[in-house]
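Here come two complexes built around chain A, the first alongside chain B, the second alongside chain C.
Up next is the complex of A and B:
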């Protein structure tokens, strides 16, 4: 079966499904028409830890207590063998948040507002970003020129920000963590290079950056692959005198930076201390015992 | 990477004095790729002293020097150097706590037990610690239920109620084994004031110097046991023939809550008397065995589930040794030279004040600081805040600047700025506050400690590579 065939079959199935759905459409609006405002509860407004639907639970308090230790969807009850409408919608909403985190871009206005230089890897669009990890590790020629022209050469610490797999994570935490790091390093008397943003970046792009600028420590704040618990999680990778092709074990990492993990500003203050350790011990990754 | 802290518990009660040494294991429980989370992961009792009669000069005065010598002797027995002790608590309890020289005793001991020993007294705290030592608190957490602990000592019975591992209420009653003492011939040696009032009410012929009739004594202990059943059944004396008995026996205040409870724990010396039935009743020259029997029989008639505690006579001291010290969050900011620091009073902003705009927030802090100074005539205090999970950098700068402005009076007095935050914020907030002051200005900013207006805090010497500090919160929540 060729692709055109397949497409037409799918189109036909979708058409039939729509037809089958049509009679129910009249019932979609649950609100009486004469009411001007419709109070539909926001499906993602509550934390999953607090969502509990088990009817007549033996000990609800105990269950809720256990639920505090996990984001997992437990205690959500069921309709026959399936999810209830509420939990199914929530699942899909969370999944959509994760997809959006990957497929949107960090807004240009935000980058300009923070005064970060705008750089890009050799990747040209999202599809290529997802399918060609190798290109996401190289800074493109135009950006190299920009770096050479505008960024301070050979800084002790170079911090930069990159979208990675979650632009949402950067929009939520990037600025706050960066500023807190900068403040922490300043209190230690450590100079920081010119901040910039790299679009379509993967973690090892920091090695290329490290070589280009000759930084002693290179630090990247990058969006983590989103999951169903949060799309806002950011990581920070640090390397001492990074070189292209160096093993991953040379990187020190602090992950899980988001409002329900380590708060952005607190993570920044903590990372500043780690960077100080990397500088004084002149090593990073598994060699650095924290 | 495990590390341990040695903690001492010293309990100087109405009738007995005892010590325990405990080891608290602290460990970073977070994975290698996240920010550290240092926690107390285990507690272990290293040494339990024998139980000694509290040295008294007279029936009202503790012999502080003799207590000190006793404690020194126990340190030696345990082969423990005072310098090796990191933290601990001295609890002067029961009737003894009301004795005037309690302060002198605490001063005698505080040098002895490391440089970070807290001295606290008060019946509610005693009861809360006893329930933690007896296992009642842990039981309520493990079974997600509400349980009551009766710590029945010589002078008082301390009641504490725990719900899912949290203490929700505490009270104290004058029910105890040594409220009536008899000599070898069976003559009454001593009657407490409360027992005198009770026996007058019940028209019993109990007089000091006269032979005690066991039947009369039994009527007193039966009434005490009935009061306890009434407390456990949350009926507040409703079924006792003598409704005022409970009122008479209240030490300072009654319980404030009425939630039903699922189990009752018995600890304290009298808890042992409840199960030991072979000895003559006057073995200890008091009513301990009579009271124990009365309580056992009274509770056997009820539907209340009674549990004999893991620790009985040592419950309070074990609670003191293991449950007074906690540790701060793991990302904090402090000047090492300031620590340890003790008895810092706390002022706390309301949620509304904390969320208001800069001008109102500065005013709120300023007025609280001023009020505190006018009340207490001292300027050293800690400011407590809630914080929230999504503080941005700019909002945090504003908060830091407001704090510095609001606490001007403290800064002018050149006292350290001490900030306590509920949420995980302290390191960045501390750095931000420092940014508003000269670099050498002393600042302590710690998080994951929940305190309230009127509480006091002690902050100890950093542990776990300086990542966390031990804290002892002396809360006034239950009126002690």
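Up next is the complex of A and C:
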């Protein structure tokens, strides 16, 4: 696909998303509704590169210059031998948002709103999800029945969405990336199967899905394990004629999909192009030179 | 050999020594995932009771991976001192526990006995130890090693400076390095986990560390933690490395998953002794962690504590300078929460010391575990009291490259002053010369990396 095409797809998807998506973008208001001036401090607003608390540093300019090259928490100073209150609170906030990304669920309302079928793996709760990766690779019986009844069989491309280790990543990027992929594939004349969401999913569950539906290419959008303050990162894995037990090296991966990495819509258009390549070369993973 | 017992009128029978070892473990999610954990708390205690009456000879006769099948087992058995083994083989595991805790038993006595122990014996006695037993017994055992400086002496707590960066940006690495030094981090080693496992990148980072170390006359050692083969290539090209790092496992199959063999490590050691930059004789650095064998399906049906002990038995062959478990890195399917991570950290440290290797700990956790910085601070205090050789130091405990959290720069001075511990002597003298510490307290220069920016 040439660049003009890519651009027009991205623009079109963004237009559609803006119309369809308003309620989900509901921002939590940063200041109380009854106040006219907004002056609430936000300790998570600054980038670490710009945070500097060393009093009377010997060479402040050089220090700040070095700091531009890293997100590491340096130049933070101390209280006795311990962290300053600000450093401690910022760390805890960054950890909190990462933990919330793992330990909360993608909201049912969102899944319904997007019209995705709701499936689940053999895992029954979050604790089991975290401790039994084997169960997260199997679609449960009820969901298999739902797939057989409602999803299109033998699609050329089956795309689905799964929480993985970050529900936040899916809520932030899942729909936008999916729509851009669907749109991109449509422009290539490639039909896409029925979209669905799989709760408590691990990446290899896509091989079970591939076998169940007989898709030529199976694609999963899944939340990544969050880093500190980066709970929104999503990955996309693709496999050509996936089979349960096939080696990980057969998957093609696009990772780091989030607003500070590859933005959702742009990633979707890029992934659509990769899927087209997988279909035409009939292979994925290390065999496919991108 | 008795493999059954009765508790409260119920009889518990076990099929093998391996099963007793697994079921006697404190609860770990990894043993459950492997399907080998005790079904109930009572069964766990029953297994401990059976284990306490097995002799060290019973354990010798039942390695969890057979000698014929596995290089790690062969190394552990081939290196055993037979005279010492024969002196202790009739000990039951319960008696051995009490011997270790006995007031008349000194660290030197334990170090001698250690030469007659297999890793299954080390793991077995650990399963009968409470957390405080593990802290107390470990505190008796000091294992020192020398690269450029000496690690592991009484009253010393070292820190590895871990200046990791998301893209190996040299300035980004340097500012973390400089700041860490001012906080008293880096006496154990300056060691980078690289993003790019290439000879060129390893070479460049080592060169930069070496020049900085020479310019400021820092008494320590340096290393880039790439794959062993990459480091060897870099050293052959003239990269100034004081030691060679590698992750290791407790079975041959586990080591194969890391792309290594015993011969390869031997070759690496010989290379760095000949072409490395350090005084030696201890020039190897190993990392381990409970669960890594299961994750590569190389656990042979054995529990993760026993497999971890075998890592240490294997490591001992190469006379390492540093060995540390990366205890909370692997994730909740192996160590579920802070309770399990703290237990594992204490177990690993004790097992390393009892095996006779200079043991440190990367006290850490990932964001999908039920643990936070408070838990890691707790573990660090316990391990400092236990005489742990070293911890990691990263800026504010946040490793931006490995995406996990561990002990931070600020923990060094806090733990040292709290527990009356010091950095490695030569490094402490250097810190005083640089005026980062005075009379045991941080000065106004501590925390200011820019003192090096000229």
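Descriptive notes on the structure:
Simple rule for what comes next: the second predicted complex is superposed on the first by the 230 of 290 C-alpha atoms of A that agree within 3 Å, B and C clash if a C-alpha of one lies under 4 Å from a C-alpha of the other, contacts with A are read in each partner's own complex, and residues count from 1 in each chain.
Note that contacts are C-beta pairs under 8 Å (C-beta built on N, C-alpha and C of every residue); 3 or more make two chains touch, one makes a residue touch a chain.
Here the structure is a predicted model, which is why all the values come from computation and not from measurement.
Applying the stated contact rule after C-alpha superposition, one finds that A:69 touches chain C and leaves chain B untouched.
Once chain A of one complex is fitted onto chain A of the other, the partner contacts of A:184 are limited to chain B, with no touch recorded for chain C.
Legend: residue contacts after superposition of the two complexes on their common chain; A:91 is shown touching chain C, with no touch to chain B. Counting the residues of chain A touched by each of chain B and chain C gives the higher count for C.
In the superposed pair of complexes, A:154 makes contact with neither chain B nor chain C. Residue contacts after overlaying the shared chain place A:261 against chain B, while chain C stays out of touching range. In the superposed model, A:102 lies in contact with chain C only, and not with chain B. Once the two complexes are overlaid on the shared chain, A:269 sits against chain B while remaining clear of chain C. Applying the stated contact rule after C-alpha superposition, one finds that A:59 touches each of chain B and chain C. On chain A, the surface patch touched by chain B in one complex and by chain C in the other comprises residues 59, 62. Listing the residues of chain C that touch chain A in their complex gives 29, 32-33, 163, 165-166, 169, 171-176, 179, 331-333, 336, 366-368, 372-373, 394-398, 400, 403, 405, 408, 410, 412-414, 417, 442, 444-451, 453-454. Residues 54, 56-60, 62-63, 66-67, 69-78, 80-83, 87, 91-92, 94-95, 98-99, 101-102, 130-134, 165, 225-228 of chain A are the ones touching chain C in the complex.
Remark: chain A residues 59, 61-62, 65, 175-176, 179-180, 183-184, 187, 253-256, 259-270, 290 touch chain B in the complex. Interface residues of chain B, counted against chain A in their complex, comprise 32-36, 143-145, 164, 331, 333, 389-394, 396, 423-428, 430-432, 434-435, 439.
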